[in-house]
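Below are two complexes that have chain A in common, paired first with chain B and then with chain C.
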Partner chain A sequence: MTEPFVNEISESEVAPDKPSAGAIRWARENLFSTFFNSVLSLLMLALIVVFVRGLLSYVFAEERLWNVIPRNMKLYWTEAYPVAEMTRTWVSLGIVLVLAGLSLAIWKVGGKTAPRQFGRTLTSIGITGLVVALLADAPSGIRVGAAAVGAVLFLAGQAVRMMAGERFTEETIHIRSVLLGILLIIGVIVWILPIETGTKTSLTIQGVLLIVSYLLGGVVLRVVSEGLARGVLVGLWLLSLPVVYLVVQRAPVTAGVPVMSVFLPSAVAFIVLGGGLLWWMSSGKAGEGGRLAAGVVVIAALGCWLVSMPMLVRFLLLALATFALAAPTFGGTGKAQKNIVIAWSVAVLITAYFMVMMQAETGLVGLQGEFIGGLNLTFLLAVSGLVISFPIGIMLALGRTSSMPIFRLLSTGYIETVRGVPLITVLFFGNLVINRFLPREVELDNIVKAIVAIALFSAAYLAENVRGGLQSIPKGQYEAAKAMGLSTVQMTVFITLPQALRSVIPAIVGQVISLFKDTSLVAIIGLADFLRVARDIVPNQPASLGSLQESLLFAMVIYWIFTFNVSRASLRLERKLGVGER
Partner chain B sequence: MNLKKLMAVLAVLALVLTACDAGGGGDETTPTTAVTPDDGTTTETTAGGTDTGAQTGGSLLDEVIARGTLNCGVNETLPGFGSKDETGAFVGFDIDLCRAVAAAVLGDSEAVNYTALTAAQRFEALSSGSIDMLSRNTTWTQSRDGELGVDFAPTTYYDGQQVMALAADGFDSGSGLADLAGAVICTNAGTTTEKNITEAMQAAGADFTLTTFEDFNIVLENFKSGACDAVTTDGSGLISRKSTDEPAPGDWVIFPAVPISKEPLGPGVAQGDAKWADAVNWSIYAMIIAEELGVDSSNVDAMQASPPNGEVQRLLGGEEEKQTAMGLSADAFYNVIKQVGNYGEVFDRHLTVLGLERGLNALWSDGGLIYAPPAR
Partner chain C sequence: MPGDKDIIISDGVKKWFGDFQALKGVTTNVKEGEVVVIIGPSGSGKSTFIRCINRLEVHQEGRIVVDGVELTNDLRNIEKIRSEVGMVFQQFNLFPHLTVMQNITLAPIWVRKHTRADAEETAMALLERVGIPEQADKFPGQLSGGQQQRVAIARSLAMEPRIMLFDEPTSALDPEMIKEVLDVMKELARSGMTMLVVTHEMGFAKEVADRVLFFDYGNIVEAGTPEHFFTNPQHDRTKLFLSQIL
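What follows is the complex of A and B.
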């Protein structure tokens, strides 16, 4: 029988019920369908009530010193960063928010939602507020406030649902307008809270920046193509890391750096000569000569670390080696050649600029040692560690699956060694030893050493995740790529690696989350990260004695907010890329 | 084809040559780590560790004056003695001792570069020369003085280990260690308090269970929750926690009246630099003498203008002053009192507010142990 399956539910059954009736019916069908089910539901409900009540009465107990947290916000945020220089941390946040706003617009994040759905969300938030008011063993002021807010949200949610009724089941509400509303409400709350006017103003400016850059993103999309905008934005995100580091740790001055006599000539020489070399190598006609040239560049790039030479040249030669190795893969057409040369010029200029910045005097007055701490440091460590570990991890994974024994041996050895030791030891070791591997004139500060240690550690784990993805790709993919006449590098870059990375997103996100939390271990090498501020510094202030629990709970909530959002974002990414579906 | 190969190799060679040329040009730049404080003085945070006076023959005093800042090793986790305020700046009794030395030696109590140290790091930091002075609630002991190469400045706080328990469990200020038989006593790990309480309880012939936690905040949380019957640490720590955390006055009692250990706390400097040690010692003596003479930060200007007696006159840099002979400026101690205050002021500012009483730390003339040689 091949009778087509037809959903024979009549119109009256799909039509939305009255909200209250719906809730009761839903409960009857799902929670109290059988006797056994009902008993379980009641039991669980009782457990939930006990737990929530306990938690709420803990949070709202009179002896809780919650005022410690807003008072020490500056410590949590930046630790001992000089107060006079706080603008720099706001600038760095502004850079991130502008990029975030542009990204939201250019990736068209957040579609639309149906009014009914929106109403339901409002209602459930309202019910949460009412539950808090009912169960919390809190001062009556808080209970009344929670009840009022809860009731307003509940009624608003119900009103939206009623008005939406049957007519607006289609998705008509932009998520972005909801987000804008939330942003505005936060803005109002910020201005009501008893915090410094300077902080209020700064926060408001940040909010405005976010909105303006979002609007700007829309304008950009109308002018340039989506692909170009996205490509440039990814580049800007990568650039923002060192820029943020330099903004908070250094001053944009070039005093004492030979810009005109060394940096500019070197950069120009590299752009012209390197650009010519790359143009020729990516033409597809270089053949054996191209490989020979690439080999010479690689040897020069590595060898120049052994002799005395400006750091700029060392880094530029390293970059040239990378480009030279990649050129034959991405080259071919005239347009591709032009792109490679443009990318090379941009890379040279950026490298030269950062080298100037790194060698300039800081111009900053630190209270002591490292300038930055708190949540800012935690982010700096986690994000830089992740970004740096990504290419290294992929290289290691490719090395381990390579057919060349020397690469396989080295990669396997590295991965197994690093995975076999605790992160704490790697941090200690990096802190004490990294400088010995560098030329004598280079002295890394503790933050950079910690970033390097975290990145090297994380790369080993990432390599194993990526290797899992590479091995899950059907053999047919490799064979098909070979049959198309692709070189091994082209096959890896265009065929296997993208598929491998897509299939291991959940594993990589798990690693990102644990990396974010593991950064708290840097406390043992003397860096004051967020957790150390929350655990050691704030509860030992004479004015904050006895606030250990509050401070730790605050730290937990902050860690949770960020990791939760990371995992939500990865879920969206998985849905978009169809992980597990194809 | 060959021509192209040649071209490629030439291009690479040209690049390498540019590189070598730039390298040979003598423009090798080293990352500078100079910090310029806003008061105009210049700090150099030398990475390789500064030379101690003993190594170069010169005194650390001259080096500190030339450098323009004092490197001081401190604690950031001991309320009242060394912690960080809301802006991240160091505050506390021990911090003010660093500030006093900076005021005496450099004329500016803010010219201090603080390094937060753990108990394990502190002596290494002092002997390696990365700090000029250690002011981190350090007990003066024979082994530290003799073996670890620390020269102790005068004791600035006489402390002693005590025990705190609940009045509801039948303890009062007259209780002794023997009353703790069978109790769970908690303290923070890795300090001499563990050893002291074990020895003292053995001497008292009482069995007990010792539980240690990583830091004292956690010890106290366990005491509050009832997991510990009693907690033990230095008396100053117990009193300050009692004054802030006690649920109701009188719930917690501290005993025995005579502490189970002697903990004379004071700053220290590296051994073998008498000139520097004298500068540190007399900065502290000056604070004590000032309290004896009734000179404080509010009346120091008037006292300097019309000194009531010869000692005040000498102390504040008037005729017959002895400071220049030590390598300090004549008004060194005036700066200490003006910018930091006398001993009593510093004590009140950081410790009295935490509920600590002067007790043993009263001036000798008031029955305490705080005593300074005369300034003459």
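What follows is the complex of A and C.
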């Protein structure tokens, strides 16, 4: 007979601290655990040394023309944009930085970090500096400088760990103060570098803008609710794209546009009549009549492209069709009705405003057509391509998973056709053929055609990613939504699409990154994007001949910095949205 | 106590999945306020039957009339009936990206067109009723199985349904959590709700059922009061089934 066994576990028993491992012990366990592993470790270390030494020797060699890069910064950034109007690009950057500062504050980016982590980062940067000094085949000035910086950072890292003492694992350091420090250091470096004083001042102003808008964001959060602030900010981000490129950088002259005779009357008519229609349709009492009206609006919106009429009316009819289809689903209460009509009025005003700006001639003297270039163009293509492809891609994904055969057929046909064709072909196609599909009076310039081509191309891939997400949603989610009486549209908007998009964030980010890099293909239709500037334009400047390698390496680093940050940001987003996941 | 009016009429309902006939002419009526417990071996068609009542499954022959409206392919009828009929699933099927509060208020706001404030007030009252008001702002993934199922019940009740369907509501729960869900269901039954419950909880059937239906091979084999059913079953299949599970 066995004695019953009862293990007395008390709550007060605390697990002892995990034994901390020293560097030697860590190395023995992880690098030299067996003879074979030791050989492999040594081999890899040797490889790293050879590679790093080769890279450093290349970078610091006497014949490298690194001074070409700061000298041509304006070309890299904006290419042919007139020097006299550079303020406009600075204002554009300022708008983006202000929004970025507000977003950092309102989304509460960056928590706290522990001294141990912070010290470790400083130490490893310091060690990197020391390694550079040790290995690089470079002028002694650079080696001494690298050694000095490395030593200082190394010691600083150790000091942080020492000063924190016992509390070195507690998260006490604000990441925002670290970022502020980095910003200040960059500011100091900017003032040391041999660049024009005007540029230095502008860069300093931009830095100050970022900090001030961050502080402002904190104030905003105290006044309005978080949800409202975020909603408004997302809207501002979307608006910033056309504002920056259509208004700020294009400097439109509205004198030749029939604002008073065409634009204003149409906008007012659409607000009044469309608003009235939407008010009636969203009241919940429209019933069959409402459905009929929505159908008429949709047919009108599609049919108007076949007959001659102002572009504004075409776009507003399309918008009205979208609103009309959504109104019965999202209307009902008086408040919802009011919101729909307000949203409609705002949408009409914004559309009309930007249409005016689009039709206006540019006020920049002596330039026509594609005067946007360099990194500026790369961003324009990538961001607008992404923004436009998103709704199209989602519609295609929904079409392909729809139960209606006609939608399924069209979506599948589109997706498979576009995915089977290289982007270069789509760009050529867009450049040469797109005008055939549009009314005769519409003339698109090369940049717009490139944006359309990139967006249509990217939408097909996005659709496949989203479809993957839609298929990963358990059947029970659809059943629960249906059992509650939600309509198909409501189920898609509130239940399936949010879950689908969240589950495919990694795939979408991968696509954003490749879209950003693929924009360099527009060089083939004659646009001067960042890579073309780095490859063709800068190395062919008389004063910069022979700098192709340096220029390309610089382009590489810039592309890498942006894509790397995008993927870091997406990791954060994934972690944040992971909360509440089952 | 059940009223006199038939709120669900099922007349010769047949349903095939491919070549397999899941329902072979189910005929039964449910009165307003009646609590009907459906038992039977797995694969007997009991879940399929209650899923036909809110048309998550489409029956091919026969007639189902819910609250005076016949189930046909007319979409508007279906959405109207679904908003009158609440359903609780075995796997809870809460929406993982929404908080408990948002799960409960979603349909009242968008289907019933209630204001957000009203919907939230009702939701809090329902969370009180199922005993977890403190969980309102959590996500479903942060709750235990029993709590999730109680939220699912509250979510269905928020639509103020006239009929509640339960599809094995306790089968996915740990034993220690079954009671908390059954208690909520018992309270609901006593409040006069019309309920159709597919379950293996015989204690629940004995305690609150007005009528027990025993399903096998796609049809009702035996029906009767719990007393009749558990003390004096007539059919051999019923006797065999009860001997195996009791």
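Here is the rule we use: the second predicted complex is superposed on the first by the 545 of 582 C-alpha atoms of A that agree within 3 Å, B and C clash if a C-alpha of one lies under 4 Å from a C-alpha of the other, contacts with A are read in each partner's own complex, and residues count from 1 in each chain.
Just so we're on the same page, a contact is a pair of C-beta atoms (placed from the backbone, for glycine too) under 8 Å apart; a residue touches a chain by one contact, two chains touch by 3 or more.
In this text, all values refer to a predicted model and were calculated from it rather than measured experimentally.
Visitor: Could you classify chain B and chain C on chain A, in the superposed arrangement, as clash or fit?
Guide: Partners fit side by side after overlay.
Visitor: Using the touch definition from the top, say if A:79 reaches chain B (first), chain C (second), both or neither.
Guide: first
Visitor: Is A:413 touching anything from chain B or chain C once the two structures are fitted on A? First, second, both or neither.
Guide: In the superposition, A:413 touches no partner, neither chain B nor chain C.
Visitor: Can A:198 be said to touch chain B (first), chain C (second), both, or neither?
Guide: Once the two structures are laid over each other on A, A:198 reaches no partner at all.
Visitor: Does chain B (first) or chain C (second) touch A:480, or do both, or does neither?
Guide: second
Visitor: Specify the partner with more touching residues on chain A, choosing between chain B and chain C.
Guide: More residues of chain A are touched by B.
Visitor: Taking the superposition as given, does A:231 touch the first partner, chain B, the second, chain C, both, or neither?
Guide: neither
Visitor: With the two complexes overlaid on chain A, what is the closest approach of chain B to chain C, counting only CA atoms, in Å?
Guide: 17
Visitor: Do any residues of chain A touch both chain B and chain C, and if so, which are they?
Guide: The overlap between the chain B and chain C interfaces on chain A is empty, containing no residue.
Visitor: Which of the residues in chain A end up touching chain C in this complex?
Guide: So the residues of chain A in touch with chain C come to 284, 329-330, 332-333, 335-336, 474, 476-477, 479-487, 490, 494-495, 498-499, 502, 579-582.
Visitor: Which bits of chain B are touching chain A when the two form their complex?
Guide: 1, 4-5, 7-9, 11-12, 14-16, 18-20, 22-23, 25, 27-38, 47, 76-80, 83-92, 113-116, 215, 217-218, 220-221, 240-241, 244-245, 247, 350, 353-354
Visitor: Please output the residues of chain A touching chain B within their complex, sorted ascending.
Guide: That would be residues 63, 71-72, 74-75, 78-81, 83-84, 256-258, 261-262, 265-266, 269-270, 273-274, 276-277, 280-281, 285-290, 292-293, 296-297, 300, 304, 307-313, 317, 320, 358-369, 373, 441-443, 526, 535-537, 539-542, 545-546, 548-549 of chain A.
Visitor: Quick check: in the complex, which residue numbers of chain C touch chain A?
Guide: Per the touch definition, chain C meets chain A at residues 54, 56, 79-80, 82-83, 85-87, 89, 91, 93-97, 99, 106-107, 110-111, 113-115, 138-142, 155-156, 159.
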